[in-house]
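Naming follows writing order (A, B, C and D), and every chain is counted from residue 1.
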Amino acid sequence: MSGRVLHAQLHLLDRQLIDRADGHLVGKVDDVELDLDADPPVVAALISGRVEIPAGRIAEVESAVTISTDGLDLDYYDNWIEHHIIDKIPGAGDATE
Amino acid sequence: MKKLLGVTLGILTAIGGFVDIGDLVTNALVGARFGMHLAWIVLVGVIGICLYAEMSGRVVAMSGRPVFDLIRERLGPRTGLLALVASFLVTLLTLIAEIGGVALAFELASGVSYLLWMPLAALAVWLVIWRVKFSRLEQAFGLLGLLLIVFAVALFKLGPDWGQLLHQATQLHPIGHEGWATYAYYGIALFGAAMTPYEVFFFSSGGVEEKWTRRDLGTERTNVFIGFPLGGLLSLSIMGCAAVLFLPAGIQVGTLGQVALPVVVAFGKIGLAVVLIGMFAATFGAALETALSCGYTIAQYRGWQWGKFVRPREASRFHVVIIVCLVLAVLTLLTAVDPVKVTEYSVVFAAMALPLTYLPILIVANDPDYVGRETNGPVRNAVGLFYLALLTIASVAAIPLMIITKAGA
Amino acid sequence: MRLNELLGHRVIDADGNELGGVADVRLVQDGPLLVSMQRALRVDGLIVVENRSTRLFGYERHVGPELLRRLVHARLGGVWYLPWHEVDEITAGTVTTTSRGNDLRPLEDMARY
Amino acid sequence: MAVGVLAAVLLAGCGDPDQKLRDNAAQTARTAASDVNTTRLVVEQLQAHRLWIQPARRMVDDAEKSLGTTADSFSTQQPSTEQSARLYEQVNSTLDDAVAAVTAVRIALGNSDLAAAERQLAALQLSGEDLDQVGELAK
C-alpha cells in the first residue's frame, strides 16, 4: 500500500523548479506550505519568491521539481529585465553561432 | 574516427584550458623563489582537481544538476549564501585578473598601456559570450592556449641540469632566504591556482550546456584524467623555466613580461610571439570562463534560467549579471591596481573558498538519488575525504599566513 | 503551516520530556502527481533529531562517505521517526506527542521507498 | 671597496637596532637585485637580437618603477646607532647606483639608442653584485 517516500526538506526545499512546457528554469523552492489540518495532512503548495505554486501543479519530483506553470507569474523579474535592458541590445533574440 | 577526433579535441581543450593567469604568474613566481622545491604541490593540486571535476561531471551527466544548484540544495539558503558570496567574489577577482592579463599581453606586444587595452578586452569578452556558441568558444581558446607548450620546449632548450631539478623536487623544504611561513603561503597559492573554484563551476555548467548524459561519462573522464594532468605538466614547465633562469640570477617574478622572459632567452623573437599569443588565449579563454561562472553561480543559487543553450533574452538576469561583472572588472582595473598583484591575491582567496564548494559535490556523488548506481567507491571516498581535510587546512591557514608573511613579501 | 517554520520545533513526549527537534517531514506519494491534484503528497510523519539541527545533508538516509556519515551522526545523536498519528498538538515552537521517547522507531529501520 | 666597508660593518657587532636595519637592508637589496638583473637580462637579449624593443621597454619600465619604490621605502628607515648610520649610507648609495643604471637603460631604450643601453651592462653587472653582497647580510 505504501507509495514512494519523500522528505520535504531533503527532496523539495531549495530544489530547482523546471517548467514542464519548455524545460526552462523558473526558480528555487524557497519554502513548502503544509496543510496540517486536512485529513490526511498534505503538502498544499510550494513557495518560490513571491509566488505560491499549488501542489496540484507539481508534475514530477526528481533531482529537480517539474511544475506546470500556466497562469503563474514566475518570470516577473526576468521579463522586467528582458524588456528594459536585454531586448535593447542587438542580437538578444538570436541563437548563438 | 569522428569519436576519436572528439576525444582528442576534448583532451587538447582541457590542456589548453587548464592554464590561466593564476597558473602563469604563481608557477613562475614560485619557481623563481623556491626552484622546484614546491613542485609537489602542483601534483597534489592536479590530483585534487581531477577528483572533483570527475565527481561534478558525473553528477551532471547523471542528474543534469550543475554544482551551484547542489550547493544551495545541500547547504541550505544560509550556508549556501555564504558559499555563494565567497565563490562569487573569488571568481570576480579572478575575472579582474584575467582581463588584466589579456590587457598586459597586448601591452607587451604593442607598448601601448594596458589601461587602454582593458576596456577593449572586456568588451570582446562580452561580445563572444553574447554571440558565440558555447562549444566553439571553449575549443577555440583551449586549442590556442596549447601554444603555451612553448614553455615545455623552452625548458629543454635552456638545457637545465635535470638531475638537479629532480633533486630540488624531492626536497620538500624552503631554501636560501625563505622561511617555512613563506614556503607554506606559496604552497597554498599554488594549490589555489591549480584547483580554482571557477574551473569546477565552468566544467559542470558546461556539462549542462553541452547536454551530457550517461553516454558522455567516458569522454568526460578521459578529458579530465588525461587533459588536466597534461595541463599540470605545462604548469610545472613554467615553474621549471623560472627555476632554471631566475633562481640563480636572484630575479623575483612580479610582471607578466618576466614570466615570458625564459621563452625569449630560449627562442628569441619567435618564441616571444608564440608565448604572447598563448598567454592571450589562455587569459582570454579564462576571462570567458570566469565571466560565465559569475553568472552561473548566482543564477544557479537563485534558480534563474541561465546558460548559452538558450537565447540571451530567455536568460536575461544571467546575462545582466555577466555585464555587471565585466563593468565592475573594468572599473577596478581603471584604478591602476596591478593585475599581477590581483592575481597573487586571487589564488590565495580561491584556496580559502574551496571547502564549501567541494563538500556538497562529495556528498551528492554518493547519493543514488542523483547518480544512480554511479556512486563513489570506497577508494574515491577515501581520497575525496583526504582532500576535503587538506582543503580545510589550507583554507584556515591562508589568512594567518598572509598576515605573518605580509602576503609573501 | 510553512515547512521552514516547522523545522526546528521542539518535540515533547507524553511525559513532558524533550526528545529533540523536528528535522524533516516524511511525505508519501501514493499516486501520480498531476492527476491526484491536491492530495498527492501526504504528510506521513516527522523526523526527529536528538540534537536539534535543521540541515541533515541527507545523512539521515545514510548515504555518503562512511567517515563523514559517522561524524554527522555523532553530532546529531539519535534520529527517529515520529508517525503523524502520534502527533498530539503543534503550538508555537513545540510539537507534543502521545508516544514516549523509547517507543519511537529509529529512522534507519524505515524503508527508503 | 664597498664590500670592505660592509664587511667591517658586519663584523663590528650585532646590536638589536642594528640587526633590524640589517634585516631590512638585506631584504631591500634582494628585491632591488631582482630588478637590476631583470634589466640586465633584457639588455643582453636585445643585444643578441632576440627581443623586440617594445616589450623590452615595457619590462625595463616596470623594473625601474619597482626599483624606485624599493629605494624610496628603504630611505625612510631610521638609523639609530653610528653603525646603523654607516650601513644606511652605504645601502642608499648602492641603491642610487642601481637606480641610475636602470634609469639610464630606460632612457636609452626610450630613444631607441641600443648602443647606450649596452654601455650600461657593466654598471648593471657591478650594481647587481654589490646588491647581492648586501643581500647576504641577513636572512
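Quick note on the criterion: a contact is a pair of C-beta atoms (placed from the backbone, for glycine too) under 8 Å apart; a residue touches a chain by one contact, two chains touch by 3 or more.
Protein identities per chain, from UniProt: B = Mn2+/Fe2+ NRAMP family transporter; C = PRC-barrel domain containing protein.
On a predicted model such as this, the values are computed, not experimentally measured, just so you know.
Each chain's centre was taken as the mean of its CA atoms, and the one lying most distant from chain A is D.
Ranking B-D and A-B by contacting C-beta pairs places A-B first.
Inter-chain centre distance (chain B to chain D, centres taken as mean C-alpha positions): 35 Å. Averaged C-alpha coordinates put the centre of chain A at 34 Å from the centre of chain B.
Annotation: 25 Å between the Cα-based centres of chain A and chain C.
Separating the CA-averaged centres of chain A and chain D is a span of 65 Å.
Touching two or more other chains at once is no residue of chain D. Annotation for chain C: residues touching 2 or more other chains are 54, 58.
Contact with two or more other chains is made by residues 76 of chain B. Interfaces, counted as pairs of touching chains, are A-B, A-C, B-C, B-D. On the side of chain C, the complex with chain A involves touching residues 1-4, 6-7, 23-31, 33-34, 37-44, 47, 54, 56, 58, 60-61, 84, 90, 110-113.
For chain C in complex with chain B, the touching residues are 54-55, 57-58, 63-68. Note for the complex: chain B touches chain A at residues 63-65, 69, 72-73, 76-77, 80, 130-134, 136, 299, 301-306, 308, 310-317, 319-320, 369-370. The residues of chain A lying in touch with chain B in their complex are 11, 13-17, 24-28, 30, 48, 62-64, 77-79, 81-82, 85-87, 89, 91-97.
Per the touch definition, chain B reaches chain D in the complex via residues 107-111, 177, 179, 249-252, 254-255, 257-258, 260-261, 264-265, 268-269, 272, 409.
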